[in-house]
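Heads up, the next two complexes both have chain A, just with different partners, chain B and then chain C.
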Partner chain A sequence: MDATEIGLWGVPLAMLGGAIRVSTPFIFVSLGEAITERSGRINLGLEGTLVFGAMSAYAVAVMTGSPWLGLLAAAAAGFCFGLFHGWICKFRGVNDIAIGIALMLFGSGLAFFFGKPFIQPSAPDLPAIPFGGWSNVPQVQAALNINVLFLIGAALAVFLWWAFRNTRAGLILRVVGDSSDAARAMGLNPNTVRLIATGIGGALAGIGGAYLSLYYPGSWTEGISSGQGLMAVALVIFARWNPLGCFAAALLFGGAGALGPALQSVGVTQGYYLFYAAPYILTLVIMIATSSPSRSLAGAPGELSITR
Partner chain B sequence: MADTVSSASVPVMPGAQGYPTALEWIARRAEAFVIPLAALIVGMALFSLFIALVGKSPMQLYETMWRGGFGSWFSIQNSLSRAAPLLLAALCVALPARLGLVVIGGEGAIVLGGVAAAAMGVATSGAPAFFVILAMGVAGLTAGGIWIGAVGALRHYRAVNETISSLLMAYIAIALMNHLVEGPLRDPASLNKPSTEPLAEAHRIGNIPGMDVHWGLVVGVIACILSWLLIEKTRWGFAARIAGGNVRAAQVQGLAVGPLIVGFTALAGAFAGLAGMLEVAAVQGSANASLAAGYGYTGILVAFLARHNPLAIIPVAFLLGGIDASGGLIQRRMDLPDATVLVLQGMLFVVILFSETLYGRFKAFNPDLWQRGDLVKRPDLLKGTA
Partner chain C sequence: MTERFMLSRRELLKTSAAGAALGLASASFPISRAFAAAVTVGFIYVGPKDDYGYNQAHAEGAATLKAIEGISVVEEENVPETVDVQKSMESMINLDGASLIFPTSFGYFDPHMLAMCAKFPDMQFRHCGGMWNKDKHPMNAGSYFGYIGMGQYLNGVAAGHATKTKKIGFVAAKPIPQVLLNINSFLLGARSVDPIITCQVIFTGEWSLAVKEAEATNALVDQGADVITCHVDSPKVVVETAAGRGAFICGYHANQSPLAPEQYLTGAEWNWAKVYKMFVDDLVAGKPLPNFTRGGLADGFVKMSPLGPAVSEAARAQFDGTLAEMMKGGFSVIKGPLKNNKGDVVATEGQTFVEAAIELESMDYLVEGVVGSTA
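Right after this comes the complex of A and B.
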């Protein structure tokens, strides 16, 4: 390993590779949350869903030997969490943000409860495709070793961007998100639409969790998510509920998250913990920069409690 | 909704009976006790089901929980020790909640309050003990106050969502603590567990006489009582409750909502920072990674269970402190993971939030509706009001 051979070029290269690796869970969680928020609800519980998805994917992959079954289990678990959030929020006086916080704690607690026996054994990884075969430089090869889920996530972002505008389901989702009254006048039941939207959002977050435990970092630990689900929720606001924006923002966040390890790989160890805080600081700065007290956010769904 | 409107707009109803009877007085207040209590019982029942599903005995679990948290003087003292930081952490959620803000990043204020207090304790170690402890308290209050006050300021002046920003700031605070404790403030003698320099014995906070519980419990209870007085008995509290109900109405009334929000969030953060200071001065003896023990997150649950009423926080913190304290015993006796307590907390949280939908649904708690029944039976009461 010749880290010195390409010198400091290793930092941007490692950040690019890191951005692709780290961003994948952000892509899935933020796309899921974009669907949920477009329907007019916010689900902060995706943080818990992410952790539970990571645990269930890992557990099923260990037990069956198939990472894909693990992925499926994570998606199913996430779907159930999402449905529960969507169902309970339809009752009068039940606050979607507070329920999200409760599910964040509940999902993590349940994941830790069932995940204890799976901290030791190792599970099979999700496959990656080596796009860097043309290069002899190991860092380039490492950076371009791209997991299939990243590609699926990218395709999903484009598909959702198209579907929000051009499909009947996309229109229904946007109507319900903008005005419950208008939706009811159209003969739609907002609660049903939100139930489905939150369920799908949860399933996508579960897939993001499966990526965490089955590819990168690739093992199940209790600190596996450390707020990534929550950052993804903030990212959706920054991306103005646009799936393509979510994808771009996820890459940006991934790059910030890769800053610490990248600097460490070239021997910078000063302020190690501060670099690890970079994604949180970036999220906060972006939220401050893009919010304004005098005007409502462009593109915000009208029924979303967070923007009212 | 329609019920409340009609009862408010028909003046004959309260007047018909004069002053409310004792039964009516009780009925109106019973709702706030009966519903949370029922939710607690339902939550416990669901948890029993969960425990039975994983193949353990719920009865044995509750017995262990009782013994570990409440069954003996020893375990009660243990629960009270854990309740002390929970009281302050819950206030960090409850005070902003009265203004309609959901702040969940108290953990960050606890951590930074602890680090600031530890640094202050080392810096002033030459001074008299009383002064050192006072300075540490001020440092903890200030650090926490600035941290959560900033969340409030961002909310009001930049419209940044306080729930997300406070949690992000909690992660930043923990990173900052790790940086300080492993770098500039590290005691070279702390090898395995990086810590700040230990406080001198004289600068540590001791126990309440006759108990194995440190003075932080008293501080927490006083903070709860003061917060209750602030909210219920002062004009600032009154203004906060108006702003919490309807920000625009408060602004139309000429209330300075901005300073109110910043003040309440800063006070909330100051309490959490004080919890961190107490952890350092009474429990740990120095600032280290143990500060991020999750009190900030359990505090969220305490505040919601208490429905953001500072007086109700006192018994609820004791209850959850006891559940927390019994975690170790449950783990050892029943061979269950330590996360069992987290599962119970999560279930209780969900059930409590769900129970919010029950308020105002039961006729038994609403004497106005009793009278409405009378009106249907005795239309003569309505004469002269139409």
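Right after this comes the complex of A and C.
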């Protein structure tokens, strides 16, 4: 019995496991959005891209039997959605937030439409790497069963953090995001840079969707996202456009989300609705604690329509 | 803008599709199908109708009506429990000519269906659940439900034999009477096998939240539960997650055995075809529709999934015996002496509540042995 009775240790363990399991879509969407927003545009449509990515990944995985092809399809679909957003937004007088909302509804609707025949079948899952082999506690093994996408997401966060500061591409992105005029003076075309940045952002959101449908929770249903794409967009602001911050915020959200079920499972059963609100309360608290009336958001790209 | 001209999205699509079809079809197609039907019945679902769960069970029932001559079925899925459902009902009445509507989700009743009942006093509305009360609600409304708690008791019997840790788990959506009765029945069924078994319940707070349901299932398995069942709209995520963690599964709403054939013990399923046919037969015959419709295993409202390969001989024998007992009618899951999990007596020695007992429809407690809280 000892191996299965972990009692209160279940709570931190579940939060660790939950952080790893639940955070991956947040990581990819928020990293994608960080790239897009650093170029000076907001793409709120990533919620729709996430849902469409989840659907297309699942559909392709069901039809071909390969989750990797599904992942590729999701990334490609997300890239197209991103390019579409970037292309429309280059026209005069177009509001990127309004287009984002339109694309969010369009992506979800399209996913529901094409996804109908794929609700029932089961698709192969993306592989996970068991890091818990050192432990003989099955709960630890389960919590440390880490999907490859999580590791890729973590590596990507570090890479982006480095690339924003130290590469030519990162510099171009930041210049375009901070001042279109300066970028033009340097001979750059801001629209092209933003088009590519939005496309890459969309592709990453699509990958986040593939994780949802192909690994955790691992099936295609129309309610699979339940707003995670939108929350991830908010995480970017929360993380001050810093990729490492995005990664940390995503982990925090994942862990806080696991708190409610974990507490109920060890017998803390009163007020579970309150525990479910934990991630949002946490966000509010941190936002209030770090806000200041005397300066604008630190790290905000200058061309962003919400801060301009 | 008057109501007459308010088209729903579904209706607009349907009308344009019909227009296109008419344009393509030859002149030998004199009237459109909607007008040929004598009776139109509307179904509204809160989620997709092939969700391996609640909505699928209703849609399977609705599908059997389509085969009946003179009956036309209109359906709308993914309708939120908001004013949207009122629009859906209005368009079904005004544009499709529906005379009987089944809004199938719990939250459609108050205030949405009640508003429509007042607005269309000649139309009939029947809501799935236990909310209708003849003292409070109009007579063109009504409710129908099945005693599926009996099915959860049988699930519990199968689970009681299968569990090694003596701990079973329940992923529940909201603490409403029907859900609480299912949780209590599941535990009491298991305790009929071994009285030391406990049942851990986790409420997710919503009918369909895939990620939270998966987290809840993982948390239950982490705490040692080795048989999992649920009461959420789409059990697919719970079933697949539990199977992935090596736990046994008891199904709910519909048959989920194809998702985990080896670990699926049995499941409590709806048989709405029977209920819907009954209503429609009355409607066609011009008889008044019943306002309060209930039935259980013996009435064919509820059925059990076939027992899976992991069910032992002893379990099978007790399962069949209990089922036979229930088919006779008058079986009581809740019977004294029984306490709730706060220690208060809910049934005294000798007191029994048969499946049809109306008190069970206002259940607000979890019985002793269930680890969880209703608030």
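Simple rule for what comes next: the second predicted complex is superposed on the first by the 273 of 308 C-alpha atoms of A that agree within 3 Å, B and C clash if a C-alpha of one lies under 4 Å from a C-alpha of the other, contacts with A are read in each partner's own complex, and residues count from 1 in each chain.
The working rule: a contact is a pair of C-beta atoms (placed from the backbone, for glycine too) under 8 Å apart; a residue touches a chain by one contact, two chains touch by 3 or more.
Model, not experiment: these values are computed from the prediction.
When both complexes are overlaid on chain A, the residue A:76 reaches neither chain B nor chain C.
Once the two complexes are overlaid on the shared chain, A:276 sits against chain B and chain C alike.
With both structures placed on the common chain, the touch criterion links A:237 to chain B but leaves chain C unconnected. Judged by the touch definition given at the top, the superposed model places A:163 against neither chain B nor chain C. In the superposition on chain A, A:112 makes contact with both chain B and chain C. Using the contact criterion defined above for the overlaid structures, shared-chain residue A:258 touches chain C, although it does not reach chain B.
Residue overlap on chain A between its contacts with chain B in one complex and with chain C in the other: 112, 116, 226, 271-273, 276. Those residues of chain B that touch chain A in the shared complex are 102, 104, 154, 156-161, 163-165, 167-169, 171-172, 175-176, 178-179, 182-183, 297, 300-301, 304, 336-343, 345-347, 349-350, 353-354, 356-357, 359.
Chain A makes touch with chain C in their complex at residues 1, 4-6, 10, 13-14, 17-18, 21-22, 112, 116, 119-120, 122, 139, 142-143, 212, 216-219, 221-224, 226, 228, 257-258, 260-262, 264-267, 269-273, 276. Residue ranges of chain C in contact with chain A, taken from their complex: 47-48, 50-52, 78, 165, 200-205, 208-216, 218-224, 234, 236-237, 240-241, 244-245, 259, 371-373, 375. Against chain B, the residues of chain A that register as touching in their complex are 44, 88, 91-95, 97-99, 101-103, 105-110, 112-113, 116, 226-227, 230-231, 233-234, 237, 271-274, 276-277, 280-281, 283-284, 287-288, 291-293, 306.
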